[in-house]
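Order of writing sets the chain letters: A, B, C and D. Residues in each chain are counted from 1.
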């Protein structure tokens, strides 16, 4: 009963808190640019509006066009449920759950790409192609990071493996994971969420044809994914072992905020990379994680 | 006595065939006397007679191990011959029938010859008797082929005669009284004069190797097999080569007794591998499917000599291979003959899509090709596997590697040609000439039977055959 | 009489080899070949007169008849049919063949030393002579273009072997000798027939025409 | 009902199938299915009943007494064989039917039964000689199945390549089994780990079996054969036939002692095949070639597991070795199921459209919804995405590798790179199948082929549904299948006796179940929402472009362009392009073809060189008698020299 309640609370947390992050990022960007910018809760309004709107379906699209976003969304939420929240741990945890998490993200990616291809639009094909191609590198980096954590803690289940290592290892891992975060969530310098030149977009261009509830689901899913990676990053590098549960929660919140602000800052201070350079950056991220892995190995030995 | 009978019966048949007036019924002499011969052979096979050591002619273990195969092959080919000669009724078959029977008789003599000189005489006689068979078709190409067969083969024969003399002189020099029976020579053992023995070995190997068709003395083979009727090719490849191989084995026994076994084995190994390599390289490129069979035969002679170089187990495997190769090759030659006759050309540049025009022959041809390239469960698979196993057991790792490599290349070549002529869409000209050829039971059954026997030989090798081969091995490597 | 005459005859045979190698005219080639046959035929009679018996005589006569008369006659007939007199552009020129033959003969004598002989044969030139003749035979077989010259070459090769066979003449039984002789003769007959057929089929005896069968 | 009885029933069924196949398709189907069912029963009895089955007879075939033996390991493969074999047989009746292929359909049926029986023989025989017999018969029957459509030169070329490559493997196996027989003195097979001297033989076996398994550098025959074969044949080739190679490797690495490097080599080969295989797959524009290359990847995944197990066995750390091997063996089943499903789906597409070019297809979901849905399911499974079976086995392999990495032992040096390469391979697989599914079924038809498509008949749909069901079942309830795999692991390594399923596996299964339900619910709910809010159809919003045409869609090569750029060093794509010039370009063109790199760049030249040698040697047979005699003399002299040297060349 209690566990069920906890489950609901956790679900509520993810559903409700996630949309906050894009708002914060946009605020930071506006602040740096000296504008007032949209309200922090803008995404909530958008979601509410979209939720009530009708749907325009491409004449070419199959039911998969709607099913895709739904599956992706469920996959993201389920992945999120696996992610431990500080002292509260994860909704359920078992040996190798981290792999399930990664593959749920992959499933979400597959469904988004599939839905994008439904419309037969050249631009959305372009976006899907980029999405799935860059995923190859970011997934490698992600695995390296997970392996580093695993070797560091000697465990393969999220709850126990998210205990940060000290010193350089943590820094390298942070750098790597942060880059992966930017790539996976299609932020600058990999992608520009609020450009309107389709040729230069990855994620946005995939969802051009979506509207109404499906679009809402996609946007919400994206925000959940952002929060997911932020939490992963924070818990992977922020030592909270000593703190009380309240303190830990505070630290966690602070960490998440910090990362979000950092994303915002990057977004306002950097320009988007040329696509040719993207693999280079991702490889760098991969190497960061790999070095972190080696540190972890030496640290243990 | 029995041994002489084996030789005499077919020769009598030959004489009768010459005398027989009717061109239409004469072909029946072939199966009749073939059957008679086969009955005699099998009777002797089941009741092996005791052969006096001094006998010049005898159904000894070595003869017992191979002669039945030849007789069997001849019988089936004879059955095919009836149908074949009916197709070729425009030509007189007097000489053809008579000489085929004569060849059988002389082959029996050659297989049973226990005397150096007699062996030579028989082999030479077979060579000469085969000549008119080769140019049965009477085309200029046939005569050219015959001419080459005659001179190259003659050279080989001359060398083997010289070799026989050398061996004889070796025995004289070693204090022998000039008794040239293999038994006596073997008995003389190390007393034989070494230089003469070695000279003799080289000459005899080259001489009989020419008959066998080992490279580089094989050059007559593609021409002869390419131009001769399929039935002649089958008997040449299955019978005459066997005589030469038996001869080499008999000589090998003497050399072994003289204490030069290892050298002999190494030469056999080298020439065997060389033949396989040459054959494989030719198979990769040849575009004529009857010449292809000739090269494949060269390859298998290489396998025989390779096996003979491996001591007891190897020789047993080689004798097994004599059977499996002879029967399978027979099927290939006969079906190839059908296809050649139907298509009107032996070249894969012209012949295509025979699986549509002569489906049965094509099917037999393909199956035979797989069988001869050691596809289980046909005979050659088992015999070649035994050869490989014997080679590995006697520690010839590298040689085995080369052996397998050659088999591989040969396989590529054979499949290339065979599927080239069987598949695809036939040309109109081919269609036209094929429409005049009927796949009667007479021309289909014999190769089928041969394939069946190859299959049975592989799957259920009769124990008595194994026993016969082992006995032959004991004759080649006498264990005092 | 002993080794002396024998060696003389063998020397004669060797000389005939060189003649055969050097002659461009087919008739002279055939003549030298047949002459050699006769010389060889004489040898058994002269080798050990004291041990002379009827079978040796028989063999000798048969040889002389076969090689001296029958075969040359066959070849001349074929030659007339094909009306060719001389061997033009052989594969191997005459001077080279001569030199090769001469060198070969010397080599033969040297090579023969390697092979141990029984005392009674020690003094004779039998082995070198045999080898020399065989060499000549091979040179003709390889170096000449006309079918007839090749046949002659083949026969000279056979002569060499026969010469060698003389080493065993007393130890090998008659049946063998005669069988071998028979085979050789039949062989030559068959060859003659084929030469004749080729002459009809290609109306020429130039083996350059016989190269249609090839890869 | 003992396994023996069932197996003999299966044998009877299939032999009758061979005999009747030519004339009576109904009877053939009945007996083949019955045989498959019986074989499956036997396999299940051994896998779950826990008793191995062994039969020695005094009857000698080829001079060797018959010795059959079905332990859990071979039963695992037998089950796969029967499953896919049955499904394919059912599919074949609709797909390669009498009215479409009057000439080859009867042959196809007979050979199909022959293939099943010979592969069964391979799995059962515990005697080297009989193993080889079965192996060769299976190779040849597969060859005749691949070349059913003999009139097509491309098919013949593919078939010949397959035959030639397999023969290379067979020759290695000749060497392997003969050496084994020569060393042990008998053809009998069985556990002989204690005879350490036999270890080097492993390399011969590996070479021989890898060719059949399609491990990366030796995969040359695989793409063209799978692409050109009839699709039901491709399905059994990819689902079962290449697994026979895997069976050989697993079987003999379990029975014989292995060299120390074996595990490392295997894991290296596996990781390479996985990554490069899928890279090639992603670059293909022929969907059957794509599937074929994907098989190379999956074999790689399996070999990574097996190699890991070998390393673990060498270092004596059972736990993760067991996980890796179990993952590999389970993946054998999974890949068999979903790859067969995908090939059958591909077959239906081919059947309906007559082209394998993805750039000619598109928008097929409308005309063939069933195939589209099933293909999509298969794509999810093959990409190893939850909640389907592909993820379970890959998860086990990963888990094994992670445990190895955590151990920080020497094994980690192999496990970490392998894990990362598998991860990249997984992502690429996902990309490849997103591409394949999208290009074939989504968007608008790119050519008249696609426009005229039609759904396949029930006879072809049922087997696909069955296979899809297996994929789902194995994904949602993996623990059901664990005991079988565990027993197979036990019979691979005597010490690793069957252990209960890791509890995390049970959890994963239930999570999958819940997730699956959620997914369905979510999709339904969103669909209802969309309907509720009002749903209208409109033109694709192509960034304001008013008149989009099918040719504007992304094509398969443009989709794969980025990655094939990264792998240019191995793919070596051949590009041909005319850039548009001037304000009103007349025409522009951009073609990209990915060659069979290994075949065209490596093996081709070698073959050409050999052919050169052959041509120059064949000139020696020029018809001049004089030279022929010279050869004889030369041979004489050469042998003389050889002998005078004492015979040593």
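Note that a contact is a pair of C-beta atoms (placed from the backbone, for glycine too) under 8 Å apart; a residue touches a chain by one contact, two chains touch by 3 or more.
Values in this document were obtained by computation on a predicted structure and should not be read as measured data.
Visitor: Relative to chain C, which chain's C-alpha centre is the most remote?
Guide: A
Visitor: Whose Cα centre is nearest the centre of all Cα atoms in view?
Guide: Chain nearest the centroid of all protein C-alpha atoms: D.
Visitor: Distance from the CA centroid of chain C to that of chain D, rounded to the nearest Å?
Guide: It comes to 69 Å between the two C-alpha centres.
Visitor: Averaging only over C-alpha atoms, locate the centres of chain A and chain D and give their separation in whole Å.
Guide: Inter-chain centre distance comes to 35 Å.
Visitor: How many Å are there between the centre of chain A and the centre of chain B, using C-alpha atoms for each centre?
Guide: Roughly 78 Å separates the two chain centres.
Visitor: If you average the CA atoms of chain B and of chain D, how far apart do the two points sit, in angstrom?
Guide: From the centre of chain B to the centre of chain D is 44 Å.
Visitor: Can you tell me which residues of chain A touch two or more of the remaining chains?
Guide: none
Visitor: Which residues belonging to chain B are in contact with no fewer than two other chains?
Guide: As it turns out, chain B has residues touching two or more other chains at 147-148, 151, 155, 199, 222-223, 282, 285-286.
Visitor: Mind pulling the chain D residues that touch 2 or more other chains?
Guide: 618, 621, 623, 625, 629, in rising order.
Visitor: Check the chains against each other and report every pair that touches.
Guide: The set of touching chain pairs is A-D, B-C, B-D, C-D.
Visitor: Hey, which residues of chain B end up touching chain C in the complex?
Guide: 117-118, 120-121, 124-125, 128, 131, 135, 140-141, 143-148, 150-151, 154-155, 157-158, 161-162, 165, 168-169, 172-173, 176-178, 180, 193, 195-196, 199, 222-223, 226-227, 282, 285-286, 291
Visitor: Which residues of chain C touch chain D in the complex?
Guide: 91, 138, 141-145, 150, 207, 210-215
Visitor: Give every residue of chain D touching chain A within the complex, in rising order.
Guide: Interface residues on chain D, with respect to chain A: 362-363, 365-366, 372, 376, 380, 383-386, 391, 395, 398-399, 402-403, 405-406, 408, 412, 416, 419-420, 423-424, 426-428, 430-431, 433-435, 437-438, 441-444, 502-504, 507-508, 511, 515, 518-519, 522-523, 525-527, 529-530, 533-543, 548, 550, 552-554, 558-563, 566.
Visitor: Quick one: in the complex, what on chain B touches chain D?
Guide: 147-148, 151-152, 155-156, 159, 198-199, 201-203, 205-206, 209-210, 215-217, 219-220, 222-223, 262-267, 270-271, 278, 281-282, 284-286, 355, 370, 375-377, 381-382, 385, 388-389, 392-393, 400-401, 404-405, 407-409, 411-412, 415-416, 419, 423-425, 458-461, 466
Visitor: Can you name the residues of chain D that touch chain C in the complex?
Guide: Where chain D meets chain C, its residues are 618-619, 621-627, 629-630, 633.
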